[in-house]
Each structure stands twice: as structure tokens, then as C-alpha cells.
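Several structures are given next for inspection.
Common to both upcoming complexes is chain A, partnered first by chain B, then by chain C.
Up next is the complex of A and B:
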């Protein structure tokens, strides 16, 4: 048929321009421009879903991913990301079995080991004092071991290094930064443990340490669990209470609906965080109370949406048809109205989780949320803000974490909403 | 055929409570539906046909309310039943087919679920498997392959959905099916098939059908008797052939004359004067009198009773009343 062929040739170039347009732009551009093309919002959903699942994975297995426990003191306080503390450490040859000062202990009658120090350095006195304390301990343990190193003094770091390298002394003691400065010239040497305490020499933490020497990264990872627990459980509680109430109010109507709507609207009208503060202030700081406070806050969100949808669905012909076949009221509510309302609830839930996490962090930040023994982003933020001028890493990383989680959940919810309800697009 | 009454409607009044005032959408309507017949109920839009149809099943929700009358169905007074007993009548004894097949099935339920749910709502002891077997037999009879029971409503055509609606009424052997403009949204071919199906089902299941429509042609095609409604009242009822051949009420006459037909030739189609009245403030007396070509003084004062005007034909018009002296 000639007319259809003609039509086809007319339509074809247009579709191709559209296609090439889409293909001409790069990946990142396509990501952002995707919203302009019909049905391309799946990018948003895909990326945010991956993020959401990544956060859920982290929250499920923090022990696998975090290098330390959240409440473990692992190093000196206020270490910047990647920084090592400048403490006196033991420096030995790489093949030497000696790692810490106690390794130098020998039987009482054996030859005393020599330890090199730099003249006048605080490390010199430190090694002396530490040796005496450790020796006293060894005597009390009564194993026949003694720690009485002979101290050799050198003028420069280089001299000390050469002495260690050539085996004149079994080990040397120098500040870590001094050693780092010359370490490249003496590849056979390496730094051992701190001579004062085990954790003092630990460093190189990805996100630094906080004011009491806890690993910021570990606290961040363990904090994900708390954030998601608060987000998911409070949203679930609101959902479990708000949805049935909304369904019943919408379906049965009457004074039940009016009374409940009045209550919910007054809850809704209250500024969210203030209400949550009031509730937690009364109940006291604990993770359960935070969940309850946030759950109360978001019940009206579900209630209003479900009630509105129920009112709309109730007027559909298939509800009347269900009545005409003799279906019970409960059946109509559960099998006819509820499944037609649920898609919009899923979307609200996703956005709601993000909101709840934010509110939970806000409460902790104000000191009303979690007890201080819990690893929580809000608490970390509150503790870190005192040191904002000296230790930027204390609040930056928890802040980014909160932002990313909230962004992921919100993006997923909004993306789903746009796909589910194209009417909202182009708004 | 001896005319045994299946459903006697006596003085039924249904009111809508609106802000503007109470509106009687069905006003003092009385008629019988006879066992095994197809009764066509015709009238203009908004004359109360659908309200009457729902009223027969007591399906009204606020703001509508049945304010008076009796509903005697198969020897039982439906008005005296409580909600739970009424629920058993709905679907069990009276089924309903709605106007728009596209929206009258639950979009998130499979066809199979609709049917088994109907069965289980009335016979909770029936197992799902047994219910499914019954449903399969029934839909095959109605010309839907049994595999399609697993589909969702949106996967079916309008005609098929309307057949599913019928099957919902038939699963429990309903005695009466109220079909509320069942063919309005179907094209003529599907409509014709559907009407054939209705006739077959009447033969096979001894079904009684109340066919609500504004399509005179459909009534002429399948109905045994026809009832004509105007402004919430019944104006004429009787055997379909008699009414089509010899309409008595001026409104019925006008209605039939305004239907286009092939014998019309060049003559202009009849157009009734005026417009249907607002039910909020209906005209006094006979509601048709402002538009009636043969209006008399009494018409605006008293409402005429439904009186016999021939064999199996009744009309509510003062023209045929013995009370009034005619010139």
C-alpha cells in the first residue's frame, strides 16, 4: 500500500533524530538529561536503588567492613585522615624479630641489649622510664626475664640509623616523623611499635580519629546500622498504623473519619522536629524512644495519603460491582481498595525513610536522641562541631553519610513516583 | 405464559440528600418483574433508571436513601432484611451488570479471583479448587477460554469483561440480573452478540433480566416487556410489541417518534419540545405536562395513576382515565 509507505518514511527520520540525540551525549550528561526523555527515569531509580542496597549491606554487616569496633580507642585523638602520630617508636632492621620494647627482654644472666637514642631528645628519657616500668613488671611476673637495655647516644638521626643498620645497636628509638623523613635512605629499617603504648603509634586511618581516639570510619560504618534501624523501623511503625487508619477512615467515613482526621491534621500541623524533641524529652534518650517519636511524627503522612486514595477508589465502579456480588465490607477493603492504594504507599515509604533518618540524626545532634554509647551520625556530628576549626574530618564524613543516605532514599522514592505516576512529571 | 411475579416493586421512593434539597430520583414507582422475562427499562438520562436499578438491590450509599416502598422478591420482603441477609441476596439471587465494563472489575485481581470470591462470599464451605472448576465451566459456556481466567481485567476486551460480569451473576444461579446499560460502551457487533447471549442465558438458566437502557433499539431487540420512565416516575409499562405498535402515553409516543428509522425517508425526525425537568423542583401534577402536546387542565394539578390501557399495557395519563371526562 503506497500511502502507508509514505507515512513510514515521514515518521522514520524523526525517531532517528531522537535516538541519535540520546546517543550523542555522554554518560553523565545522559544521566542528568534522562529526565527530559519520556520513560528515562529508570536511571534515577537504578542509581539510587544501588545506593540504597549498598547502605543496607553496610548496615547489615558493619563488622565485616569496619576495621574496628565503634567504641574502641585505636589511636591518639585528632589524627587527620591518613596521618600518623609523632610518637617515639622503636626502629629496627626489617629482618629483626623485635617489634616492641618488651621484645628486648632477655634472661637475667644474658648480655643486655643496646638501644640507640638521639642525645637530648625526649625519646631518650621516655625509653629509660618505660624500660624501668616494664622491668618492674617482669620481676613481679618472676619468669627470669629482665629488661635493662644499655642506652647508646647519637648526635644526629643519620648516625642512629647507620648504627641500627650496621647492627651496632639492636634497636633505636626515634620520633616517627623524624624517622619518616629519612626512612627512604634506609630501606632495610622499619618502624615498630610505640615505646609508650600500643595504640599510640597507630595511624593512617582513612577518615582520621575523633576527640577520644576512635576511628571515624568505623563509627561511620557502625552508625549506618543505627541510622537505617531508626529510619526503617519508625517508618514501618507509621506505615502499619497510618495505612489501616487511613483505609478505615476513608472507607467508613462519618464521625470516625472526622475525629481521626482532626487528630491527624493537628499532628501534621505541628513542626516535625519540635514534636519529636518534645516526645523524646519526655521519654528520655534511647533508640526505642527515638523510633517511637519519629513514628508518631509520620503517621499523618500515611494516613492522609491513604485516606485520600481510599476516598477516590471507593467511588470506582468495581467497588460497587463487588457490593453487588455480595462481598463483605472487610473483603472490599482488603481485596479491592487496599491493593489499589498500595503503590503510592511504597513511594511514600521510601521518601519517608530518608526523612526519618534525617530527623533521627537531628535529634541525636541536639543530644535528645541516642545515648552517647551508641555509634550514631548525629552524635558524631554534635561531638565534632566543637572542634570544627581544628578537625574538619569529625563532622565532614558523618555529614556526607547522612546526605548520601537521604539522597539515595529520596531519589528512589521520587524516581519511582515519576515512573508510577507520569502526571507528576514536568511539574 | 401465566405471568408470575418474581419481584414486586411497590411505591419505591429513593431520595438523594443534597445541599440544594432532597431530590426524589425515584418517586413512587410500582411495577412487577415477571419470572423468566426480559424487562426493558427505558428513559432519558438522569430520569432515575440507574437509581431504580440500584434501589432494587438496596445498593445505595450516602447521600442516597430509600425513603419508602416495598420490595417483594420471590416472596421475601427485602426491606425487612438486615445488611448481612441483604448481602446474601446480592450476587446470590440478584446479580448486576454495570455500564462500563472497563472499570467494573478490580484491576489488581485476576478474573479467577473475582469468580471464586463471589462463590466463597456466599458459600464459604466451597473449596477454591471446586470454585475454580465451577468458574471454568461457566466461562466456557459464555465463550471465554478457561485459560484466560488467569488473566487480569486489562488483558480482556470490553465484550469479554461484560461476559465476565454476567458470569459473576450466574456463578450462584442468580434469579434476576439487573443489567445497567450493559451495551452502552460496546460497539454494535459486540452489542448484538451480547444481546444474543442474554437471550440464550434466559432460555438456558431461566434467568429474569431487567435491562436498563436508553437505547430503544436494544429494548425492541430483546425485551418481552418495556417500562418507560420520565422524571423519576413510571409513565408506561407493557408488552413490548403493543407499546411499540400502539404507544399510549404522549411521552412514549414522542420517544418512539424521535428514533430514526429507515422508513422515515425525507420527513424530518420528530423533536420533543422542551427539556426534562429538574428533579429538585419537579412540575406539579403530571411531570410531563409542560411538554405534553395534549395537555389538559387537570394535568398540572394531580398526578395520574397507572391504569390499564389495553391488554397487558398500563399508562399513567389522564387521557385514559375514567375519572376525567373527555370531550
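Up next is the complex of A and C:
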């Protein structure tokens, strides 16, 4: 039905040809024709499609987008978004080739470089320890290089900066925050690499760091992969089981249908998450068990809709015609009935992926879904909940990610419904 | 008298009397409908119980070994299996399981003081009830008011906003929404408590008769307790209620729009009745009937949501109990709670269908 049909109480003659044209136009045309979805425009659906593809891209290539690996410890724990990791860094003159502590290594017989530190600061001990470990490494590599900087102590940050600026010392070590506080007065100086194993990210971390110093943004990006794997694979399994069962129950009927429908209706009525909790509790936490548990939940969704449609299509005249020309039952099911249910399956699938992602996240939030080593939004939320009093960013961002993914798939499902079935437009 | 018995009596006796009254007063068709509907509920309960059995006993995974942990010697494992009847043939276990569930004998807890599970559940079930009843009422009120308003302002700004609201709410992970409310109201503004049912100090002064603290504090006229209970109830109720409300807005809206296109609405308008009266007086009443069936379908979402909400707000209800016992590997408790949930689903959908048949005389077998 064209979208304007109900508005036109006066049916113009050309509407009829236009209507029949509508019946023949393809998918893309319909996408542009049906403009009144949600009362908004078609771009509402377009946005959701773009979002879905964007999420799929992120899930396929998280390594390209994430600044770090999901299990990499990159900074101090509980850094707020944008907060500087307050790690000791090497401070050098801008033109100096020295960027990290190892650059200060010199041949064994050469003059040892001087490194300035602030008296009593933890950075002073850090530089000592770090150069000892690096030195031991250099000795074992046996290239004739040694790292034995002489430590020069200063009382204030300003004294240290002047010393570096005037070349009294080759480099200085200070905490990043201390340096940033005075950096504007010493334009010729810049901060190099961190001297400890932690990464000194100059702009801080966009979404902060978690309780053990992992980058929240990176975990978020890697978590997309797990969410989509759970969503797609569990929905595909339930589709593969639910659709044939629904087709057969609807077409053959009888006691097979009644028994199966009783089972499916009971399964459908059961609170999905609670059943999934039971299954994963028995099977143990692993991504495969989560997928199986969720797949079981959503079989009835496909079964019911396919069975209903099969029952309706079965009465059509063309089925009768096929029967009368001697088509076998399997052929009728596959060639005449099945194509009719494909659009509904596509719609259910899209909404189903959204539901599965929500359920999967709920399971891992309860600690039942994934093993804790996996980057998963539900796990991150559960971990963040313990620090709700101090670290808001731990619970805010993973939740937004779940919501956006689910929103994208739900909206796409509803959009597909509008396209395939304009009669439902107002629903 | 344990609290659960009190509650069962409080809900059960009036509903039985009501059912009997409907049954005697009702027409032949209504009587047949109610009988058939009850007849259909029994196989459903049976299938649900079987489902629980299959999940808990037939699926691979050894509850005894995981309950005992790595320290369990083979003798201990054998002993525990013997005690729980897990070494008997599966079909015999199934029979015993069904008998136990039919007589509501859930066995004893595997951990702690080995208390009967029915006692433990009777402490927690009222808490769940106290959470899901106000949450459903909130969801219904938002759904009906919002849905009707959206339908009456069709294709105008309020309609679009409410539709976006229902899509967004649908996509909202309930556990995250609860956490955000906790963060805002509990941590940043510090105006509402974020965990538990009552202030622990005030809680000691409350005489717990039904374990539904709202009713308890009202009955004993304990006003500070009432205030504390009400404050503790706000965030969990809003979390669960708002998340449920999305579907109700959507369904009410569709039904009201459909009803507004009916002939009798046109007739009402033609008689010059004001639009507000037409929408709220004529259309809403008829549009409500399908919405009631929807309430029955939402029970599953409600209970699943309750499990998550209880976990976030440390609410000592059935859901929190379930999660706690899963991590303690107390599988008799897990099995019993899940069976209870299944029973609850079957009974509520039965009740909803009977109410529906009363409201809509067309529904008959």
C-alpha cells in the first residue's frame, strides 16, 4: 500500500497506476518511498543502518580503532576521562634526540650522562631502579653500551627546569603533572616517554582507566566484538532451529503441532533471562554456553511467527494450485510457503540480535556469562559497580555502548518492518 | 505462621472467592472458558517444571562436584549424591522431582544452616512482590497516559517524542539504567538511598509480619519506618517501572489509534462530544482490553527485570537470592527459585486471561 492511501479520500484515477507501480518497485525504491516511518523521515532508518554497519566495522577491526589492547595495563588506576596519568616522565630540550631513558645509554668508557631529579620525589627512586634494570638488559645484550646516569638532585621543579634548559643536565625526570604546571614558562622543554612501564598518554585517556589501569575506551571497542558475536550467533542458531520447526508445525499440523506449540509457548512464557541464568549456571561461564543459552530462549520467537504465517499462507489459492499439479509436500513448503515468511524472519532477526545482546550483557553483568578475561561490556559494568562512589566513568560508557548497539538493531528491525509491510506503518 | 503462608492467604483467598463468584454468576460460556483455561495451565506448569528439570539435571555439568569444590573427596561426592538422590536413574529422579514440586517441597539449602528452602523463599518473596507491584503500576500509568496522549496528538510533536521514548526505553539495559539512577540520586545528589529495603537502624524497630515492609509499617503505624521503606523503594521501582513502560506506551498508542478509527467514535464526534471525552471516555476504555493481555505477556520481562534490579539495589528478594545462590553453587535453591518463577508466570497469565474474558465477552471457547 502506498503511504498516502488513507489521506486521499478522493481517489484520483492516476493513483491506480501509481499503486501498481509501487507493487513492482524494488527494495531501495520502497526505502525512499515510505517516508513517514516513525513520523520522522526515512533518514531515521538510514541512521540505524549506518549505525549497525559502523558497529559491525568496529567489531571486525577493533585493533585499528582501539588505542590499546583490551587487557593491557596502560596507566594508573581510576584516571578520570582526560585526566593525566601522573607518571614520572623524562623531560628534555626540544632539540635533544633523547626521548626515553634507554637513549641515554652510552659506550662503557664514555662520560656518563647526568639526569636531574627532584629531591625526595618518588621519581628519583624510579629512575634509579629503572636504569638498573635497563643496564642489566644492556649488559646481557653485550653491545658495549651501558646505562649508568649520574643523578643530580634539585630542590624545586623550577631549579630542575632551569638546569635542563641550560644544559647542566642532559635530561630531567619529573611527574607529568608537575611538569605541565610549569611547562608554559619553559617553551624549549618537552616531555618524553614515561620512565616506568606505564604509558604516558599526554591527553589523558578519553574515557579514563579502570580499577587495574586498563583503558576504558579500548575495552569498550574490543567489547563490541563479543557483543556482536553473541548477538549474531545465538540469533542465527535460533533461526536455524525455529524456522524449520515453525514451517513444519504450521504446514503439517496435528498432534506434532500441538505438542511442539505447547513446548514453545511454555518456553516463550518463561522469563528468558532467568532460563539463561539457569543454563549458564549449570554449564559454566564461557562464550559458547552463553550463545547456546540465549539461542534456546529465542527459538519460540521464530517458531511462533513462522507457524502463524505458514497457517495463513497455507490457505492461499496458489498453494491449492500447486497441490493440484502434483507438487510434493516438501516442495510446497520450500518453494511456495518459505519465501513468504522470509521478510518476517528478517525483521525478527534484527530485533532478536538486539534482544540477544541485551540478555548476554545481563548475563555477564550477573557474572554468569563470560569468563572474566574477555573484554565484555557486561563484565565492565559489573566491575565498575563496585566503584560507583568514586569512578562514574566506569559504569557510564559501557552502558551507553550497549544502548546504542541495541537501539541500532531495534530501529533497523522496525525499519525493515515498515519497508516490507507498509500496512503496519502506523504500528 | 510464616510470612509466605500469610501472603498466600491474603492473595489466594480473595481471588478464590472472586473466581467462585464469577464462576457461579457467569454465563455458561464464561464457565466453560474458565475451566478450559485452567485445564490449559496445568500442562503448561508441567512443561515448565520439566524444562527446569532438564536444565538442572540433564544438561552436562556436575552440581555436586562444583558445590564441593576441588577439596571434595570422591567419598564426599558419593555421599552428597546419595543424599540428593542424584545417583538414581534419571527417570526416577524426574518422578521424585515432579512429586516434590507438586507438594511444594523444595528440600533444604546446601549451604549455611541447611534451612528449608521454602522458609528462605518465604522471607524473600514478599520483597520481590513489594518491588514488582508498584513497578507494574508505574509502568501501566505511564503507558496508558502516555500512549493515549500520543494517540490523541497523532503526528504532532508529543507523538514523535513518546514514540522515540518507547524505542529508547526498549533498548535501555535495565541494569545500566539502575546504576545511572544510583549515580545521580544516590552518589551525586545524595537524596535517595541506593541499596537495601529499609534503614538498618529503623529496620530493627519494625515488626515484620508479612515481610512486605510497606504493609508492615502501615499496620504497626510505624511512620519513620514507612518513610524509610518508601524512600528505599523509589529508585528500584522507577528503574523497573520505566523500563517496562516503553512497551505499554507503544501498545496503548496503537490500540487507541485503531479504536479512534472505529465508527462509534465517528458517531460520538458527530454528536458534538468534546474530543477529550471522545479519546479518554470512549476510545481508551475499549483500547484497554488488548493492553490487559499485554500485561500477561510482560510478566516474563517483569520478572527478568526484577532479577537484575534486585541485584543492583541489593534488594533481598527472589532474584537477588537466585544470583547469590548460583555463586554459592547451592543448586537445590537455584532449582526451587526457578520453579517458583515458572509457577508465578503460569498463574499470572491465567489470572490475566480470566480478567480479559470478563472484560471482553467475545473471548470464549
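Rule of thumb we're sticking to: the second predicted complex is superposed on the first by the 323 of 427 C-alpha atoms of A that agree within 3 Å, B and C clash if a C-alpha of one lies under 4 Å from a C-alpha of the other, contacts with A are read in each partner's own complex, and residues count from 1 in each chain.
FYI, a contact is a pair of C-beta atoms (placed from the backbone, for glycine too) under 8 Å apart; a residue touches a chain by one contact, two chains touch by 3 or more.
Being a predicted model, the structure only gives us computed values, none of them experimental.
**Q** Which term applies to chain B and chain C once both are placed on chain A by superposition, clash or fit?
**A** Here the two partners, once superposed via chain A, fit next to each other without clashing.
**Q** Would you sort A:188 into first (chain B), second (chain C), both or neither based on which partner it touches?
**A** Neither partner.
**Q** So in the superposed three-chain picture, is A:402 touching just chain B, just chain C, both, or none of them (first/second/both/neither)?
**A** So A:402 only meets chain C here.
**Q** One more residue to check, A:156. First (chain B), second (chain C), both or neither?
**A** In the superposed model, A:156 contacts neither chain B nor chain C.
**Q** Determine, under the contact definition given at the top, whether A:336 touches first (chain B), second (chain C), both, or neither.
**A** Once the two structures are laid over each other on A, A:336 reaches chain B alone.
**Q** Decide which partner touches more residues of chain A, taking chain B and chain C as the two options.
**A** Of chain B and chain C, more residues of chain A lie in contact with C.
**Q** Contact-wise, after the overlay, does A:327 reach chain B, chain C, both or neither (first, second, both, neither)?
**A** first
**Q** I'd like to know which partner A:119 touches here: chain B for first, chain C for second, both or neither.
**A** neither
**Q** What is the minimum C-alpha distance, in Å, between chain B and chain C after the two complexes are superposed on chain A?
**A** Nearest C-alpha atoms of the two chains are 12 Å apart.
**Q** Do any residues of chain A touch both chain B and chain C, and if so, which are they?
**A** Shared contact residues on chain A (touching chain B in one complex, chain C in the other): none at all.
**Q** Using the touch definition from the top, list the residues of chain A that touch chain C in their complex.
**A** 38-40, 262-263, 265-275, 277-279, 281-284, 354, 358, 361-362, 365-368, 381, 384-385, 388-389, 392, 395-396, 398-399, 402-403, 406-407, 410-411, 414, 426-427
**Q** Which residues, counting only chain A, touch chain B once they are in their complex?
**A** Going through chain A, the ones touching chain B are 253, 316-318, 320-328, 331, 335-336, 339-340.
**Q** For a test of understanding, state which residues of chain C touch chain A in their complex under the given definition.
**A** For this pair, the touching residues of chain C are 43-44, 47-48, 51-52, 55-56, 59-61, 63, 66, 155, 159-160, 163-164, 167-168, 170-177, 179-180, 182-183, 187, 194, 254, 257, 299-301, 303-304, 307-308, 311-312, 322-323, 326-327, 331, 334, 338, 341-342, 345-346, 349.
**Q** If you look only at chain B, which of its residues touch chain A in the complex?
**A** Those in contact with chain A are residues 54, 57, 59, 62, 87-92, 95-96, 98-100, 103-109, 113-114, 117-118, 121-122, 165, 168-169.
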